[in-house]
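Next, two complexes with chain A in common: one pairs it with chain B, the other with chain C.
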Partner chain A sequence: MTVTDATTSTAPHAPSASSRRAARGFAPVTPALALVVFVFVLPVLALLLRSVLEPQPGLQNYEAFFASTTYLKVLGNTFLVAGTVTVVTVLLGFPVAWFLAIAPGFWSRLLFAIVILSMWTNLLARTYAWMVLLQRTGIINRTLIDLGLISGPLPLINNLVGVTIGMTYIMLPFMILPLHATIRSIDPTVFQAAALCGASRWQAFTRVMLPLTASGIAAGALMVFVMSLGYFITPALLGGTSNMMLAELIAQLVQSLLDWGLAGAAALILLTITLAIYLVQLRFFGFGQARS
Partner chain B sequence: MLLDFSRLGGWRVALILIALLVGAYLLLPILLIVALSFGSSQWLQFPPPGWTLRWYEELFDDPEWIASFLTSFQIAAVVTVLSVLIGLMASFGLTRGTFRGREALRALFLTPMILPVVVLAVALYAFFLRLHLNGTFVGFVLAHLVIALPFSIIAISNALERFDRDIETAAIVCGASPLEAKIRVTLPGIRLGLVSAAIFSFLASWDEVVIAIFMASPDLQTLPVRIFGTLRQDLSPVIAAVSTILIALTAALMALAALLRKDARS
Partner chain C sequence: MTFLDIRGVSKSFGNVAAVSDVSLEIARGEFMTFLGPSGSGKSTTLYMIAGFFEPTGGDIRLDGRSILAEPSNRRNIGMVFQRYTLFPHLSVAENVAFPLRVRRRSGAEVSRKVEEMLALVRLERFADRMPAQLSGGQQQRVALARALAYDPPLLLMDEPLSALDKKLREEIQAEIRRIHRETGVTILYVTHDQEEALSLSDRVALFNHGRIEQVGKGRDLYDAPHTRFVAGFVGHSNFLDCTIAARRDVRADIVFPDGSGCADIPLHAAASSGTAARLMIRPDRLQLAAPVPAAGPGIDTTLSDATFIGETFHFAVTTGWGAQVNVRLPAGAPMAHEPVIGERVRLSWNAADARLFAD
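Moving on to the complex of A and B:
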């Protein structure tokens, strides 16, 4: 939509003063709109178009993608890592969010500050830390060998194990913070009611707490899953060349293979999955949950 | 029962244990980097055999590291100014405008934040190749502006929605022009939104690495691009020194944000 579209589309209906007022306030939006159209919408559409135009018009890029075991393995790796990261962040993030919501002031403030510091620390700095920790002669391997738990170093880096550990680290705050808000919004009297009705702690947890936090868990899980699907830096540094994820594949198709058609196809596949998950989120949890 | 810490019984122990473990998991890698940046071991031995400032000296003696620091700072500064200005105008239009399709437009403005950044990076690389903008200052600013703008629009729109518009109207009734009222009444009223828009816009550009990797040329590299390129080759302790400086900057910005929140409450 452009400025002229907006004016011409309203003008024929009612050129009176009231319609001019009805379309007021559009002018200040135009710089942002121009930027987003020219530096976002058009370039992305152009890339996606190349997937059906290069090297010749047709769907051959998509056929090539889904016929190749290599590319399907990349897609599988992407879902495997994103899925594992999501499950682990829910399992670790829920108790931490719970602790943050109810622990005595000092301890919850301290842990909260650690979560925020970790989230805001430069992504490359955090990934560097994990490269140091996970390498063959790294602290984790040396400690395990010194303790006599293993005889040789475990392969913790340049594979999906390393990627999963590093991504879980990066995604945890994105699970903890929304869950913390959800748990804090629970009315404590519902648990008094549960206790009065004779519920055990376990029953109160499964029948009251989980249902009340289910939408928060789902919203956090979808967000972490979607962010993990498209991640590039951490897989590129902690992963190996034989176990790529989708974002790395797109980058490599462009940088080393110059195969823009296939890169466009892979980009469209990634975008479609991402948008589909966001639509599910909007449909079932609404804007409010997605924002909180 | 489950929301009262003192009445959790055995569950309390489990909760404390997990919180302790996750807290350590989140904090220890950051402390490790800081320790290694002062450690004397080239091979990142821990605990370090001795302490030294050698890596910081190497960092500050290298004109290329200094250049990439400055490049990152200049790009982030220009992006911050433009992002707050464009975001302020757009927020006025989105919160006060009466034209149709405002919600759709708002969603469009926020989309760059949720889409996988690698797709935008590759798309912009191809687009800027034709316009000869790759490896230029203008190219970096435009690309980072798209990433920063959503943060600006969210922060400023929220502040504008909370701001009581009657105060602005009162100023106009008292004889101020609409523009004067906006500058002298509304802008001070939403200053916290403007500052957080600026902080988030700055960080969005300063920390951005995926687009920058595609956009960079040998002559124009931001700090994250340089770190990424170095990390691909070896785990030099100089990276620990750079990272420590970045962590200190983060902590300073966090403290600033916390002070502002305190200021807003009082």
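Moving on to the complex of A and C:
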């Protein structure tokens, strides 16, 4: 009763007060917003315009893209790598996130520090480190040969295997962090309850743990998949020229072939796919927040 | 006859003994309550029965078979937790169905049983709600339905009402009593609330420092406490400092600090003459009268406070040596003379109502 009264009595003043508050709230955002508009939105729009205006107005750039088996293969590679990286980061990241959530203080802090530190290390340094590890005479191939498991070096670099390994490593923290937040929000007593209800460990995992962490997995997977779709440095360094990804193709079209029209078309195709995936995610999981 | 047999069970965490040598036999269909202050080992004992902790010593037998080697999910025990532990992603009906689904029961059996259980806790209309849409009391009733859905022979309840307000608590206590009568399930109930323990259970085991101080009907714990801890924890009590003057078997004569004395008090300790002790009397077993010499045991006191609170009068009297004693008299009881504050009054009791504990 009192609440209703209070609301009605303040209602006439509410709009002006809230719009003032909103205006005050927006003021600090303006510089960042301006930066995004001038540095991101406008150049992207310019590129998109060139995709339908160069060399002459029309959709010929898109027709060319979808008519070329080479470009479609690049698109396929992009999805294959992004999909594989997403699946592998879920499989590797889940146990880590779970351990971070339940391990005693020291061990979880240590593991957390390792995850964060790897994120803070320079991306190029980390990718070159993988080149050292994965090359024909690298530690991995040498060790396997010395152990007698293989007779010749495995082709781990300059192909999609190398790209997938390197990107999985780079993307892992983006899976672990949201997943860890979701797992930590679950009251561990529900697992005791599940056990007494008769659920085996596997049943408790599939019927309680997975549904309760689905939103975290979805949030992490979206982040990893979308970031992987447009990733450039790691595919450029660890991948081969015969198995290009879309970002590499766009760079090559712009830098070597100066075909801004086709590059713009490829960029718009990538952006459209990304937005479509994001919308699907929103439809099923809201804003990636845990359902409670 | 014994259904749940707890034999000399101990549990230590590192060097800290949480439960030491607890033994208890519980009959089929009994409502047993573990009562005690926090940290007394009552919940730890319950968790060992549930399989969340492994005892460091002793054995737990259910229906003649040791259950210690079985993991929690094979013990077929029901449990209602202190916190709301419904699965947040499942509806009320699916929460109740969960234990049946993991047991791979047929769809028809699951829906029949869910219906039966929701009727038992009177939440049929809430079947399709999500746990977050229920009040705390409703959530605990769903938890109760979920714990009983697979007809476990033993139901554990770990302070299930502690998060609820008083009125709701009393309501659900009545529900629990009714469900116990209707299902005949053996219940092991943990609480730190003595009123809850006394009103719900057939028997109460009072825990203190990881041991059971006394097991018995609520009435026994109240009327015949074996230790000073039991006397202090169950019900209200007055403790009066005194010295044992002479001892004969299980009875003793005592002397109060002002030199007055009492004879023939039942004694529950191995105390010899001359040692300090405490006399315990319940506030509702005391009488107040004008200060005339009387036959029974009693002491002369001064009335220091009087409060009328509806059904009872609360009096506080001060003894000759400065100790305060609380007295509760039913307001309807005839009182020859209503004393005023500062007046001398004779405090008396029946010899059988006093208990003597060594210090």
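The definition used in the following text is that the second predicted complex is superposed on the first by the 254 of 292 C-alpha atoms of A that agree within 3 Å, B and C clash if a C-alpha of one lies under 4 Å from a C-alpha of the other, contacts with A are read in each partner's own complex, and residues count from 1 in each chain.
In this section, contacts are C-beta pairs under 8 Å (C-beta built on N, C-alpha and C of every residue); 3 or more make two chains touch, one makes a residue touch a chain.
The structure displayed is predicted, hence computed values, not measured ones.
Asks: Following the overlay on chain A, give me a clash-or-fit verdict for chain B and chain C.
Replies: Here the two partners, once superposed via chain A, fit next to each other without clashing.
Asks: Touch check for A:98: first (chain B), second (chain C), both, or neither?
Replies: first
Asks: Determine, for the superposed model, which of the two partners chain B and chain C contacts more residues of chain A.
Replies: More residues of chain A are touched by B.
Asks: Which partner does A:237 reach: the first (chain B), the second (chain C), both, or neither?
Replies: first
Asks: For A:211, using the defined touch cut-off, is the partner it touches chain B, chain C, both, or neither? Pick first, second, both or neither.
Replies: A:211: touches chain C, not chain B.
Asks: Figure out whether A:172 sits in contact with chain B (first) or chain C (second), or with both, or with neither.
Replies: First partner only, chain B.
Asks: Using the superposition on chain A described above, determine whether A:192 touches chain B (first), chain C (second), both, or neither.
Replies: The answer is both, since A:192 touches chain B and chain C.
Asks: With the superposition applied, I'd like the minimum CA-CA separation between chain B and chain C in Å.
Replies: Minimum over all C-alpha pairs of chain B and chain C: 7 Å.
Asks: For chain A, what residues appear in both contact lists, the one with chain B and the one with chain C?
Replies: 192, 194-195, 208.
Asks: Spell out the part of chain C that touches chain A in their complex, as residue ranges.
Replies: By the definition above, chain C touches chain A via 50-52, 71-79, 81, 83, 85-89, 98-99, 101-103, 132, 143, 146-147, 150.
Asks: Which chain A residues qualify as touching chain B in the complex?
Replies: Against chain B, the touching part of chain A is residues 1, 6, 10, 21-29, 31-33, 35-36, 39-44, 46-47, 50, 92, 95-96, 98-104, 107, 110-111, 114-118, 120-133, 135, 137, 139, 169, 172-173, 183, 186, 188, 191-192, 194-195, 201, 204-205, 208-209, 226, 229-233, 237, 247, 250-251, 254-255, 260, 263, 267, 270-271, 274, 278.
Asks: Can you list the chain A residues touching chain C in their complex?
Replies: 187, 189-190, 192-200, 203, 207-208, 211-212, 291-292
Asks: If we count contacts the way the header does, which residues on chain B are in touch with chain A in the complex?
Replies: The touching residues are 1-5, 8-9, 11, 14-16, 18-19, 22-23, 25-27, 29-30, 32-33, 36, 43-44, 46, 86-87, 89-90, 92-94, 96-101, 105, 108-109, 111-112, 114-127, 142-143, 145-146, 149, 153, 203, 207, 209-210, 214, 224, 227-228, 231-232, 235, 239-240, 242-243, 246-247, 250-251, 253-254.
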